[in-house]
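In the two complexes below, subunit A is the common chain; its partner is subunit B in one and subunit C in the other.
And now, the complex of A and B:
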């Protein structure tokens, strides 16, 4: 018998996904997240919420990257009590390089779109941290398993 | 909603918004509210668009989102220093998410994907014969009017529900003509149907608030009288009757929307 450690170690699994920072790959990330989030005891609505939040984080990176070659790194960690998804890019903080059609609509309405994306993520998952530095942006989304 | 002399959202600036909110807060003029609604249509449209791949028409989502917008306009206090869009977004998104929840949407998703999967495989067949080669995902997506992501999702998830044509031939007896699969399909099993209805009922019951649920369970599963239930819950019999009617109404609505 092995001595059991004093604290319970959560068994967790990790999926790494690195995609080009281009609009056509956001769908790929969303599809992968669909599969990953489905491993959790989430309802359809919750899976879709996670997917939407990750899509927001990626879209935000895509809009900042513009034509510049960049990658988005998505690391999803699953364990019995939460799904944690980290979305990181290597695009220096700065202004939006390209605007999607829908973002243009928002800008016309005088809405701060970056703030709105962060707000939307906060509504959709349980915990959001956004860390922007000169070397890139790091977003951590956490959704807890239902009790 | 009738809009009197609607202005385009772009005709307004941030200053106008603040002035309008201040004026609306003072006089609650419906015309002023209509203007505020029109000005923020783009916000609703943007947020509703985020939920469109969940299988409900965009127009419906914009409608429910607009209800959230109107509520937010009515409750917004511009002197608190929060931007209206920040204030309104949770309300609008909340209304849209509630719409999915209330429609017991999660029960319909597999069916939607199944349908999309069938549409996709028909399109695949059609395009194969027309192009003389298997079509790409992009071509299938274009043909069925879905995004590539949706198409892939439908193909991937829909595979779990492989379907066979009812006309497919099952037997080749040399004398008789072949029988189709349809001839082997039995009648619907009543008790299974009941079981299914029971499942729906279970789901609908879960949507009631605890007190209404207790009333339904006492009245119809434990055969208690309204008076007995009233005593148990420590409320008047009239109140029980009212809550019961409301609960039954909601159950009926829930279950008919699930059919």
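And now, the complex of A and C:
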């Protein structure tokens, strides 16, 4: 739902998206973010960067949820200066899905897959904050408009 | 949001896996399944053609790293071919371009990896 129907972004507009915390819905979030980020004066590569960063934030939630029922809430705030995307889940801290064979292989190879996702987020957007509490994790991704 | 895969066998021990579409947390288990099956069949050289891949995230990278480790442990190798600029950039910013052998063309990969006999 877009709060304001205006075509030019002179003030903040907010888009809310709530998806089940399951792998098949991460692509839905990415598709929505593609449309939202395209409203900013970003280059094609910058839009793709935002899309990948949001995908990583959602994937992080999906992997922590495992088979548990959970929800991802994505709130995108767009204005002339920046695009801020908040990705929140309701997975309690300390919930870790069963370590897969792939995760074991990666650990043996000295690679942390969640670390890869975090690294991608850090590089692809300008600001990243991750706050984990007893009720869930809140990731804020910010990409500033070019000067 | 889909992933299609097709495999070719230019020699008994070499397999080329063509991937098209999006490799993410939803589709990467399919990729893992195919890579594990190839390793179990005794394939020594897997060449993954990424030229038609439009999206690759950390789970896709994880599956490829897992496949590489599995193949190297068995005395084989897994190499990559033809990633587009977006996909190439993901390998570069994660530093994984230093772990994988990435070739521009299949011919180059086959020649370097000795699978064209």
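Observations
In this text, the second predicted complex is superposed on the first by the 124 of 147 C-alpha atoms of A that agree within 3 Å, B and C clash if a C-alpha of one lies under 4 Å from a C-alpha of the other, contacts with A are read in each partner's own complex, and residues count from 1 in each chain.
As a convention for this text, a contact is a pair of C-beta atoms (placed from the backbone, for glycine too) under 8 Å apart; a residue touches a chain by one contact, two chains touch by 3 or more.
A quick note: this is a predicted structure, and the numbers were derived from the prediction, not measured.
Once the two complexes are overlaid through subunit A, subunit B and subunit C clash, as defined at the top of the document. Looking at the shared chain after the overlay, A:140 reaches neither subunit B nor subunit C. By the touch criterion stated above, A:43 is placed in contact with subunit B alone, subunit C being left untouched.
When the two structures are aligned on the shared chain, A:62 is found in touch with subunit C, with no touch to subunit B. In the superposition on chain A, A:15 makes contact with neither subunit B nor subunit C. Residue contacts after overlaying the shared chain place A:119 against subunit B and subunit C alike.
When the shared chain is aligned, subunit B and subunit C each come close enough to touch A:27. When the two complexes are laid over each other on chain A, subunit A has residues 27, 30-31, 45, 48, 52, 55-56, 102-103, 105-106, 108-109, 111, 116, 119-120, 123 in contact with both subunit B and subunit C.
Residues 9-10, 12-14, 17, 39-40, 42-43, 45-47, 49-51, 53-54, 83, 85-86, 89-90, 93-94, 97, 100-101, 105-106, 109, 147-149, 152-153, 156 of subunit B are the ones touching subunit A in the complex. Per the touch definition, subunit A reaches subunit C in the complex via residues 23-24, 26-28, 30-31, 45, 48, 52, 55-56, 58-59, 62-63, 101-103, 105-106, 108-109, 111, 113-114, 116-117, 119-120, 123-124. Those residues of subunit C lying in contact with subunit A across their complex are 1, 22, 24-26, 32, 55, 57-59, 61-63, 65-66, 68-70, 86, 90, 93-94. The touching residues of subunit A, when paired with subunit B in their complex, are 27, 30-31, 34, 43-45, 48-49, 52, 55-56, 102-103, 105-106, 108-112, 115-116, 119-120, 123.
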